[in-house]
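These notes open a run of structures that come right after.
Two complexes are shown next, each including chain A; its partner changes from chain B in the first to chain C in the second.
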Partner chain A sequence: MERLYPLLKAAAILLWSAFVVAPFLWALTTSFKTANGVTAGPTYIPFVDYEPSLAAWQGLFGSGGGSIDIASPFVSSTVVTLSASLVSLVLGTLAAYGLSRFSYKAGPVGNNDLTFFFVSQRIMPPVVLAIPFFLMLGWLGLLDTIAGLVIVYVALLLPISVWVMVDFFNSIPRELDETAMIDGCTPFETFWRVILPNSVPGLVVAGIFCIIFGWNDFFFAFTLTFTQTQLLPVAIVSLNSSVTPWWSLSASALISVAPLIVIAFLVERYLDKGSIGGRK
Partner chain B sequence: MTYLLDNLTVKQGSDIHLDGVTLSLPNAGVVTVIGRTLAGKTTLLKVLAGLIAPQSGSLTKDGADLLAIPAWRRRVGMVYQQFVNYPHLSVRDNIVFPLKRSGLKPAAVAEKLSYVTELLGLAPLLDRRPEELSGGQQQRVALARSLVKDTDFLLLDEPLVNLDYKLREQLRDEFRRIFHASENRLVVYSTTEPLEAMIMQGLVLVLHEGEVVQVGDYRDVYRRPANTTAATIFNDPPMNLFGGRIEAGQVKIGDETVLRMPGHFANLSDGKYIFGIRASEAVMGGIITGRVALAEINGSTTVLHLDMPFGNLVLEREGVALHAIGDGVSVTLPPARLFAFDADTRNLVAAPVSD
Partner chain C sequence: MYGLTRYKLFFLLPGLLVLLAIILFPLIFTIRVSFSGWDAVRPGLDWIGGVNYGRLLADGRFWQSLSRLGLMAVSAVAIEYVLGFGLALLVWRQIRFRRLVRVLFLIPMMTTPVVMAVIWRTVFHESLGPANDLVTLFGFAPIPWLTNAQWATFVVILVDVWQWTPFMFLLLLAGLLSLPREPLLAAAIDGAGPIRAFWNVTFPAMAPISVGAIIIRLIEASKIMETVYVITSGGPGTSTETSSYYIFIRGLRDFQIGYAAALSITYLVIMIVLLTIIAKLLTKTLIKAEA
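Coming up: the complex of A and B.
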């Protein structure tokens, strides 16, 4: 049993890896197929099983016949996700520090209620927010614009960054703040010079969550835009016509997931340290 | 006497951390705040530092209101029982952090840095991060950071409690040397251990449940604890206390044990009292018999918990002595070493003549 255990473990890891990797392989092979290659049945090995073609990829960048341009939604998605993540990270971190370190009292409402208020924004189903957002952006004249989407995404991502950062700040001993103040730091300097430099792991986690949620959102990207602005998830779905173009969908899905994979590799060392749970 | 604390009260909800603390402290020297866990020691230090605002009362220095000055401008240093350093800075940057905040010139910063580095033997560690240091080294860095700046007072909140025994002994002596070398700085040192207060010398402030029990020179507090609370807190093991009476020129402890009336009890009238004797002043051998309930060997002494006719007696004797639980022993309570406290107010009414 002692010797069997590592083997079982390895087998379990391999099995799980297969589950995770299989869809990517499937998408990768499919993206190099033509319509005939896809309908001909399951084939996996290029040049042997099927004849690879770049048609799907070319189509996404506007050089094939009847194609769409995926570059522009990609850029829009990047701009919207990064701007909204950055704004909500800055605002969320400031709010979280306040909620973690200072007491607020307005009648019966205290810090925990405020924190819950932020987090509760994510409890209700997004559908509830669709009409209010639609009307408000309409009044502001920001429907179908990048700016409008950024505002909405900030509202959606702020609870995430507040939630993660409150938890993170609560894990930093208050004595660190007190020591900084005794050493001559005003409350803001304490935050800026002492707490923030020690909060990188928390900021990374909050940032990743914001980027993932922002990048993957389909619902608001779909309901708040029409023709002028299009985000990646909507663009991908719009490829779907009477005949499902599996090859194009596969290629665009890979394009859409690529940035997240890159980010995952970049920040792996922060996640690896076991810093997600905060530090003592 | 320049620091005046007047009726300082700190409450959190229904918890009272400091209950009307009124006292005056000198502007230099060492004050040891002694009290059990949760006695309010940390709260008192934090009020002095400006980290906790009291609900009521005042804190003044030579008549100037200190409470109006926020922590970052109050010119204090503080060392915590947890070793608090800035994790993202090297030891060097940790130590000069307060100097940089105060905008000191680089040359002056370097000079002060080399002074405290030498004082605390930190030179080989300057380029390390706090997390790479042992507990004792981390606490030295924290102390260096609080000593490096010009402060009016230095607060140390049980700074040695998380260190091992050897290191504690060593740092204790270092601390005393450093504290008594700084002439115009008040050092407030909190601890639960009477021994530390004795080693630090200076004033002792006995705190219990948020109230000041006694303030005085460490020798006076030791010789004449104001009441049973001070006697318990300022002796380790705590002073033995037994109910008893003075009757017909004799001291009666419990119902059966009768002792000769010592000279220092001459002025006490007959009646009920609480008698106290230090664990180290009860001696083995004699006519009062009891049984061993527990024996602990503490390095150079042995502490015995004895079941006596009048209650549980803790006796500390020199050397390592082996006693089995249940062993019969006989002891003597030297009448000359007895304390007497009023049975109702529990205040000291007679103490042994000091030697």
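Coming up: the complex of A and C.
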């Protein structure tokens, strides 16, 4: 038993890793196939099972026949994600600092209720908001625009940045603020010169979460844009509908998740330092 | 004192106002729309009273989508919790390639759900996908993954498990890493085996974080629709149609805006009530057991 345990453990870890990696490997091998390679049934190893081709990858970068424009959705996705993350990080950090350091009172509503109000917005199913968003962006003339999506994404990401930053500010000792105040800083100067420079880890974590959730949204991009503006997930799913070119589909899917895999490495580093998972 | 008030408002107000404008106003607007007959033929905010809500009570497709959603969400989250806990226990202590293994375990939750769903759909293609290749390798008949109601449900749950077990893993691992060592040492000195030590010491200590992780996941799982849209489009028939997906069809496909608004509000209220009850029950059973 004592000897068997490490073996079982390694087997379990390997099995789960294989499950995690399987769809990526499948997509990778498919991306090097041609129409013939796909319709011949499932094959896995290039050169042995099928003749690999770079056609799908070349198509993505605008050369060769049947090319698919993945560059402009990629740029749109990046612009929307980064602007919405930045706006919600700024608003969220300000609100979180206020909620962490001052006490608010409006009738029966106190700090905890306010914090809960921010965070609880994550409970809202997107579909509930989709109809009013659709109508309101229509009235504002912002349907199918980058600006419209940024507004909507700010609402999605703000709860996340407030949640992370309230937790983070609560872990910074108040003495730091008090010392700065005694030295004659106004509350804003205290925040800007003393607290913010000490908050980089929290800001990074909040920023990463905002980027992940912004980049991964499909539903709002799908319901609020049509032809002028196209984000990456929508572009990829639309490849899915017609006669499915699995090879381009796989290649573009891999490109769209690549930035996130880089982020996974970042997250792991922070996990090691123990700044994810809230209070310690 | 007046100066301080100004600063307090300066910090809180921008975020609060933005959230109120972007979320609360639409929600109130939806409530109003749910009492109107707004549809593609006659768009506009008329008042038809509770007609939409009456129609909804008799709408079997909506109630079926809710119970189906309940089944999918609860089974997916239960599996994710057990697997995530198991994996966290596996890599808790020092193991070889620890960092690589951890990154690998985190990756699925970072990736775009719909994009992965597109890939999963090719994996489960009946004749061209590797899933049936594997099944026939073991000598079984090919499985109608996406054309049979039970198997399609299974695929949707499996994809959710692939994507979100890492989330459970992340939170539970963070919990395990922050556990104090002493109680476990004491248990070992008392001669408790690893299994007894787990049930009597580790598991109760992990109860609060477990409840938190399960609730967060249930909230997210109760919104399932994107992956369903890509993998099965709610099919075969309506057998994998979740509530969100049904509301989406009614509202933004059929343009029965008023009716979809009534469905949305009902769905939201049911979700909040059920999740609150579940949260209370979980807190009671898991955390009370500790005392």
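Everything below uses one rule, namely that the second predicted complex is superposed on the first by the 245 of 280 C-alpha atoms of A that agree within 3 Å, B and C clash if a C-alpha of one lies under 4 Å from a C-alpha of the other, contacts with A are read in each partner's own complex, and residues count from 1 in each chain.
As a convention for this text, contacts are C-beta pairs under 8 Å (C-beta built on N, C-alpha and C of every residue); 3 or more make two chains touch, one makes a residue touch a chain.
This is a predicted model, so every value here is computed, not measured.
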item: Fit or clash - chain C, chain B, common chain A; value: fit
item: Touching partner for A:V75 - first (chain B), second (chain C), both, neither; value: neither
item: Partner chain in contact with A:T186 - chain B first, chain C second, else both or neither; value: both
item: Following superposition on chain A: angle at chain A, chain B versus chain C, Cα, nearest 10°; value: 90
item: Which superposed partner A:L15 touches (first chain B, second chain C, both, neither); value: neither
item: Which of chain B and chain C A:L158 touches, first, second, both or neither; value: second
item: First, second, both or neither for A:F133, with chain B first and chain C second; value: second
item: Between chain B and chain C, more extensive residue contact with chain A; value: C
item: Chain B versus chain C as contact partner of A:L54, first or second or both or neither; value: neither
item: A:P197 touches, of chain B and chain C: first, second, both or neither?; value: first
item: Which superposed partner A:L176 touches (first chain B, second chain C, both, neither); value: first
item: Gap in Å between nearest CA atoms once chain C and chain B share a frame through chain A; value: 9
item: Residues of chain A contacting chain B in one complex and chain C in the other; value: 186
item: Contact footprint of chain B on chain A as seen in their complex; value: 173, 175-176, 178-186, 189, 194, 197-198, 279
item: Chain C-touching residues of chain A, taken from the complex the two chains share; value: 9, 12-13, 16-17, 19-23, 26-27, 30, 38-39, 41-42, 44, 91-92, 94-95, 97-99, 102, 104, 114, 117-118, 121-136, 151-152, 154-155, 158-159, 162, 186-188, 191, 212, 215-216, 218-219, 223, 232-233, 236-237, 239-240, 244, 246, 249-250, 253, 256-257, 260-261, 263-265, 267-268, 271-272, 274, 276-278, 280
item: Residues of chain B that touch chain A when the two form their complex; value: 46, 49-51, 70-74, 76-78, 80, 82, 84-88, 97-98, 101-102, 142, 145-146, 149
item: Residue ranges of chain C touching chain A (in the complex, touch as defined); value: 4, 7-8, 10-12, 14-16, 18-19, 22-23, 25-27, 29-30, 33, 83, 86-87, 90-91, 95, 99, 101-108, 110-116, 118-123, 127-130, 132-133, 162, 170-171, 173-175, 177-178, 219, 222-223, 225-226, 230, 244-245, 247-248, 251-252, 257, 260-261, 264-265, 267-268, 271-272, 275
